[in-house]
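The following block contains the structure, expressed as C-alpha cells.
By written order: A, B, C, D and E. Residues from 1 in each chain.
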C-alpha cells in the first residue's frame, strides 16, 4: 500500500496548499515551510518503496522501479523549485516585482509533478496524453505567474501558442498510432507493433509524436521557444522548466519507445540519433555567445536534452537506468546553478556581468558555481560526467560510435561556454559593487547541492543503488 | 704496472673533481683557492699520466682496456660503455693533454690573476681537461661522442668566458653551432655504423671488412643502397664530425673567431688538443677509413686545401692570435693530409702517413701551445692583440723572446726542432704515396709557414716599440715558466720520439704499400723552403730597409691582398647564410607556415563555429510566427531526414 | 599493505590537503607550508614506491606487465567500472617526475601575493589528477583523472597568468578537451567491444582489427593533443605563454607527458594492429614537430614561446620513439618523457624567475643577466644544454636512445624522419644558444638594483632539477632497465 | 466517404490552421487557428474509430478527452491573454516581438 | 455517373466543403469576432461529420464542449479585450505568401503520404461492431478494467480543477495584494 501512498500525497498537495490559504489563511512563511516539508516527507516516503516490482492500481496505474525513481526526481525538482522560489515571493528579485499567490504557485508545481507521475505510470495512450498535458498546462501558467512583469506574460503567450501547435502534433500522432494499432492500451499496441507488419502509419505517427514531444523536450528544431521563455519566466519557473518539464518529456518518450514501441527501437534509433546530435549541436552553438544567464541556461538545457536523448538508443534496462541516473545528477547540477544565479541576481539583472567579481565577494558561491557548471559541462569527477558516461556507455552498447564521438566533441563547445560564465565569475573585475547576501537556508541548500554534485557521481552510492533496482 | 692501470680512472677523476669542487664551492669567493686546487690536481694528473704512458710504452705498448663500465645498454650487443682504452695513440694523447694542461694551468694563474671570475675559469678548464681526456681514452665511438660533445661545450663556455663582450659571445655561439652542425652528421654516422655493425667498440669497428656485407642492402629512406656503401657513407659522416671539430675548410671560420676567448683557452683548446680531435678520430678509426673507398682521399684533399688556404690568410693578418689560429688550421690540414695520403693509388696503405700524422699531433701540440702562451704573454703586456701595438719587445722580454724563437723554428721546420721531424715525415709520406700535387702544396705551405711565423716573430719582437704600454713591461714568473717548460718538448720531442711513432701502426686490412720511391731528397728540400721563407720574412719585416708600419698597413693594398686579408670574406658569407637562409629563410618560412597558414586554419575553424553560434542566436529573435513556422518546417524536415521508411516498403 | 595504502594516499592526499586548507586563513604562511608539506609527503612516498618497484623488478624480472600494490574495488557496477590502481615501473617513474614538479611548482608560487589559497587548492587538484592518471589501470578511472585537470587549468591560467591569459587559457583548456573527448569516445568503443575497462585484462584481449583500424588514430591523436603533436600543438604556445610559472611547469612537465604515456600505455598497448597500420602515417605529423618546431622557435622572441616550441619539438621526439615501434625506441620515448619533464620544468621555473624580475619575456629587451642573477642564469643554461642533448644530462641519453631505436625500424619514412631529426639537433642548438646569449650574456641592460638576488627557494628548485637531470644523464642504466620491464610487454603485444 | 477522405479532410483543415496561425496577427485569431488544427486531429480519431480500429470506443472517447484538454488549454491561454491585455492593451503579435537574442 | 455515388458520400463532400470554407473564413476573415463565428461553423460541420461516422455522443460533446465552451470563452475574451470591429491587423503580403507556401507544402507532403499508403487505409476492420450507445460509453468510461477509462476520467477532473485554479489566478487582478 505504501507504493501508492506517495502518489496520493502528491495528488493531495495542491488541495492542501489551497486549503491552507483559503480556509486557514496561514502566513506565507508557514506555507513555504509546509510545502517544503510536505515534499520532503514525500521524498522520504518514496525512498521506502521496495524496488524491483511492478504494481498495478486500477488496472492501469503502473508503478515500477523506473516510475519510482522518476517520482523521486519530480518530487526533488518540485522541492528544490519551491525552496528556490522563496526569495521571489518575499522580495523583488532581479529587478522584477515580487511574485504573489504562493499557495497557487506551489499547487501548480504540485500539479506538474503529478502530471509527470501520471506520464510515468500511464499504461494507455490517453492517460499518457492527459499526464503530459497535466504537466504542461501548469507550466504555461507558471511562466506567466508574474503578471506585473510584461516579459513573463509575453513569454507565456508564446509558450502556450507554440505549445498548442505541438499538442496538435501529438494528437495527430496519437490518432495515427491508434489508427495503426486499433487500440490505445499499451499491451495491445505492443502486440500490434511486434506482430503486425510495420506500416508507414506507425512511422508517421512517430514523426508527429516525436515532433510534438520534441517541443517539450526542446529537440531541434522545436526548441526555438526555449530561450525566450526561459528568459521571460521567473527564475524558479525556469528551473522547473529545465528540469521537471524536460524530465516529463523524456519520461514520455521512454515510456513510449521502450514500452509499446520497443520492438521497433532499432528502426527509430537513426532518427533519435539524428535528433540528439542536431539538438545538442544547436544547443551548444546557441549558448556560445549569450550574455543573459537564463537564456544561456536555456541553450545549455537544450543541449542537455540532446545528450539525454542518446540514452534512448540503448537497451531497455540500461537506457532507463541511464536516464534516471542522468536526470538525478542533472537535477542537482541545474538547480545548483539556478540557486547561485538567484543569489547573484538578487539586486540586479541575471546577466553574466552580474557574476563579475564573485570569486572575490564570495568564494563559496564561486566554487559552487564552478562545480555546478563543470558538472553540466561533464568534467570529471563531478556528477555530470558520470551521467554522460553512463548515457554514452548505454548507447555504445548498441554501436552508436559516431554519435558518441560527435557528442563528446560537442562537449568541447559546451566547455567553452561554461568557461565563459566562469570567466565572469572568477576572472573579470566587477563594474560596480553590489552587495551579496545569502540567507542561511539557501546557503545550506547550496552546500548540500554542491556536495551532491561533487560526490554523487564519483562515489558509487547513487549509481549502484540505482543499478541494483534496474539491472 | 697493472696496479697503475687499475687506477686509471684517476685520469678522469682528478680533473672532474677539480671541476666539481671549483664549480660548486670555490668558484665565486675563493678564486685563489680554485686556482691552486685546479693546478695541483692538474699536476697530479700530469704526473700520473706521464707514469702511465711511460710505463705503457716501456712495457711493450700492448693495447689494454683498463676499465669499462656499462653506461647504457641499447640492444644485446650494442652497449654504451664508459671505459679507458690504453694504446699507443691514447697514451700519447693522455701524455700530451695532461702535460699541456698542467702548463696552461700554471700559466693561467698568472694570466687570469686580475680577473674576478678566474674561479669559474679554472672550473671550466678542468671540465675541458676532463672531457678531452675522456675523449682520448674512449674505447668506443659512443664514448667518443659523449666527450666530443663535452669538449664542445667546454670550448663554448670558455670562448664565451668574457660573456659581457658581444664579440666573444657571438664567437662562442658560432663555434658551438658550427661544430654542433658537424656533430649531427657525426651522430648520424655513429647510428648508421652501429646499426650495421651492432657495436660501438673501436676494435670491432676497425675489424670490419666490406666483403662481409656483400649482397646486403640497407634503406636510407629515400634510396636503398648496398650495406658496404652505407658503411662508407657512415665513415664519411663520421669524418664530417672531425671536419667540424678540426675546423677544416669550409667549416673553419669558427676557429679564428674563437680567439676571442682568454689566451690560455686558445692555447690548450684551440690549438693543442681539442681541434686535433678530428684528426685523432680519423686516426682512431684509421682501419675503417682505409677500407672505406675514397673517404681517405676526401680527407687528404680537404686537409691539403685547408692547409694552403689557411697559410695564405695567415700571411696577411695583424692579430697575433688570429695568425696563430690560421697557422693551427694550416697545421691541422697537414695532419689530415698525412692521414689521407696514407692511401696509395693502388689501394694499398702507406702506414707512414698515419704515424706522421700522430707524430705531428704530438709535436704540434707543444710548440703551438707554447706559441699561444707567448702570444698571451705579449698581449698581457701590451693589452692588445694587434701587431701594430707591438714591436721591439725583444729586450723587455728576453726569455719569452728566446722561447718564441725556438717555437718559430720548430713550426717552420728547422732541424733539430721537433716540427721538422714530423713535417718531414708528412712530406715524405705524401710523396711516397704518390700524390705529387699534394706534396707540392705541402712544400709550398712549409715555405709560407716559415714566412708568416717569422713575420709575426719579427714584427713582435724586433724593430721599435709601436705603442707605449700602460704598465711597465716585465715577464711574470708564472707565465714565463710554462713557456720555458714547453721548450723542452719542443726541442727534444722530435728526434727522441721519432722511433716510437714509427711503431704506431694500426691493424689495417689492406696490403702495405711496397716499392716506395726514395725520399732522401726531401729533408734538405724542405729545409731550403723553410729557410727561404724565413729569409723573405726577414727581408720584409726585420731588415734595415723594411718598414713595419707599411707592412702592417692593410688599407692601401691591392684587391688581391684585401681579399686575403678579409679571409676571403668567409665570415660574411657565413653570417649571410645564417641570417638570410636559416633565420630569414627556413625559420621564417616555418613561422609563416605555423602562424599564417596553420594559424589561419585554426582561426577559421573557430570563427566558423562562432559564426554558426551567432546564426543560431539570431534565429531565436523572438518572433512567434517564425517559431511556429520553424516547428512546421521541422516536422517536414524530419519527414525527409529521419530515415523512417515513410513511403512504405 | 603499507605500500598499497601509500599508493591510494597519493591521490587522496592532495584532496585532503585542499579540504583541510579551507579553514586556514588566506595569506597566512602556514597555508603554503601546509601545502608544501603535503606535496613533500607525496614526493617522498613516490620515491619510496619507485625504490620498492625497482627492487621488485630487479629481483623478479618477467615479460608480463608487473603491477604492484594493486587495489581493486567494485566501483560503478552498472558499467562494471572498477576502482583499480596499481603501480609498475613506468608509472612509478612518472609519479616521481610528477611529484617533483608539483613540489617545485608549489615552491615556485611561494611569493604569490594574492589568491594563494585558491591557487594552491587548484594546483593540488591538478596534482591529484596526474597521480591518479599514472596509477589507475581502469579506463574509466584513468579518464576521470585525465580529464580532471580541465576543471582547474582554465582558472589557474586565466586567473594567475600573464599576457593574453584568457585567450591562452581557453585555447589550452578547449584543445585539451578535444583530445580527451576523442579518448572518451574510443574508451566507450573499447568497452562496447569487450565489456571491460580493465587495462590488464584488455591487454590480453585482441580487439577486432576493423575496430582498431578506426579507433586507433582517434585514440592516439586524442592522447597526442595533450602532448601537442601537430596539428594539435597550437594550444601549447598560447597556453604556456599565458600560464603562471607553476602551471607552465606542470603543463609542460607532466601534463604533456600524460598524453604520451597514454599513447604508449593504452593506445599502442591495446591496439597493436591499429598502431602498425597508422603510426607510419602519423610520422608525417611527427616530422612537423621534430623538424619544423625548432625552426619556429628560432624566430620567436618571447621566452615562453621559444620554450613552448622547444617542448613541441622534444615531444616530437617522444612520438618518433613511439612511432618507430621498436623496444629501444619505446624506451627512448619513455626516457625522453621523464627527461623532458625535468628539463622543461627547469626551463619554465627559470623563465618564471627571470620574468618576475625583468617583467618582460622578450629576449631582445634583456641582456647580461648572468652578471646579476648568475644562479638562475646557470640554471637556464643547464636546462638549455639538456635540451640540446648534451651528454651528461638526461636529454642526451633519451635522444640517443630514441635515435638508435628508431633507426632500427627499417621503414623508409621512419628512416628519413629519423635522419632529419638527428640533423635537426643543430637547429635546437641555434635557438637555445641564441636565447641564452641574448638574455644572459652581453652587457647588462637592466640596472642591477632592479634584479634582486636569487631567493633560497629558487635555488632549491634549480638545484633539485639539475640534480635530476644529472642523475638521469649519468646513471641512466637502472632507469632504462626499470623502464624496459614496463615496455617489454607493450612490445610483446605489438609483435604477437 | 472512406477513411482516406476523412484523413485528407483532417490534413486540409490542419493546413488551413497552419496558414491561419502563421498569418494572423491577432493572438485570439491564432488561437482560433490552433483550435482548427486540434479539431482536425479529433476528426482523425473518430474516423479511425469508425473505419479501422478494433477498439472503436476508445478512439471516440479519446477525442472527447482531447476536447476537454483543449478546452483547458484554451482557458489558460485566454487567462494569460487577459493578463497580458491588462499590461499591454493590445493583442498584436508584432507588439511583443522584442529583439531578444 | 454522379448518381452512382452513394448518398453518404455526397453528404460527406458537402460537409467537407462546408468545413473547409468555414475554416478558411475563420482563418482569413478580417474581423476577429467573425473569425469566432466561422469557427463555430467549422465545429458544427465537424459535429455533422461525427454523426455520419456514427459517433452521436461525440457530436453532442463537440457541440456542447466546443461550441458551448471553447468558442464562448473565445468570444468572451474578444469582448473583454477589444472594441468590436476595430481589431483588424494587417499582415504583410510576404508573410502571407510564405505561410501559404508552407501550408501548401505541408498539405502536399501529407496528402502524398496518404495517397502513397492508401492501400493501408482500405482494410476496414469489422472485428467488433461499434456499440456507440451512450450507456456503452458510460460503462467504458467508468470501468477500471484494463481497457477502462476510469483512470483518465479521474485525472482529467484534476486537470480541469487545476485549470480552474490557475486560470483564475492568472486572470484575476491582484489589487489587494499589490497594495
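Going forward, contacts are C-beta pairs under 8 Å (C-beta built on N, C-alpha and C of every residue); 3 or more make two chains touch, one makes a residue touch a chain.
Nothing here was measured: the structure is a model prediction, and the numbers come from that model.
The chains touching chain B as well as chain E are A, D. Of all chains shown, the one whose average CA position lies nearest the global CA mean is C. More contacting C-beta pairs link the chains of A-E than the other of the two pairs B-D and A-E. Comparing mean CA positions across the assembly, the chain most remote from chain D is B.
Averaged C-alpha coordinates give centres for chain D and chain E that are 7 Å from one another. Separating the centre of chain C from that of chain E, both taken as means of CA atoms, is a distance of 69 Å. Centroids of chain A and chain C (each the mean of its C-alpha atoms) stand 41 Å apart.
Our note on geometry: chain A versus chain D, Cα centroid distance of 26 Å, whole angstroms.
Residue positions 126, 130, 133, 137, 141, 144, 147-148, 157-158, 161, 165, 182-183, 185, 199-200, 204, 227-228 of chain A each touch two or more of the other chains.
Shared interface positions of chain E, defined as residues touching 2 or more other chains, are 95, 98-99, 102, 106, 113, 116-117, 120-121, 125, 127, 147, 149, 152, 156, 159, 162-163, 166-167, 170. For chain D, the set of residues that touch two or more other chains comprises 14, 17-18, 21-23, 30-31, 42, 49, 52-55, 58, 61, 65, 69-70, 72, 76, 79-81, 83, 86, 96, 98, 100. Checking each pair of chains for touch leaves A-B, A-C, A-D, A-E, B-C, B-D, B-E, D-E.
Residue ranges of chain B in contact with chain A, taken from their complex: 609-610, 612-617, 619-620, 622, 624, 626-628, 630-635, 637-639, 641-648.
Considering their complex, residues 11, 14, 18, 58-61, 100-101, 104, 107-108, 111, 114, 118, 123-124, 126-127, 130-131, 133-134, 137-138, 141, 144-145, 147-148, 182-183, 185, 187, 199-201, 204 of chain A touch chain E. If you check the complex, the residues on chain B that touch chain D are 617-618, 620-625, 628-629, 632. Interface of chain D with chain A (complex): residues 10, 14, 17, 21, 27, 30-31, 34, 37-38, 40-42, 44-45, 48-49, 52-55, 58-59, 61-62, 65-66, 69-70, 72-73, 76-77, 79-81, 83-84, 86-88, 96, 98, 100. Every residue of chain D that touches chain B in the complex is listed here, in rising order: 18, 21-23, 30, 93, 96-101.
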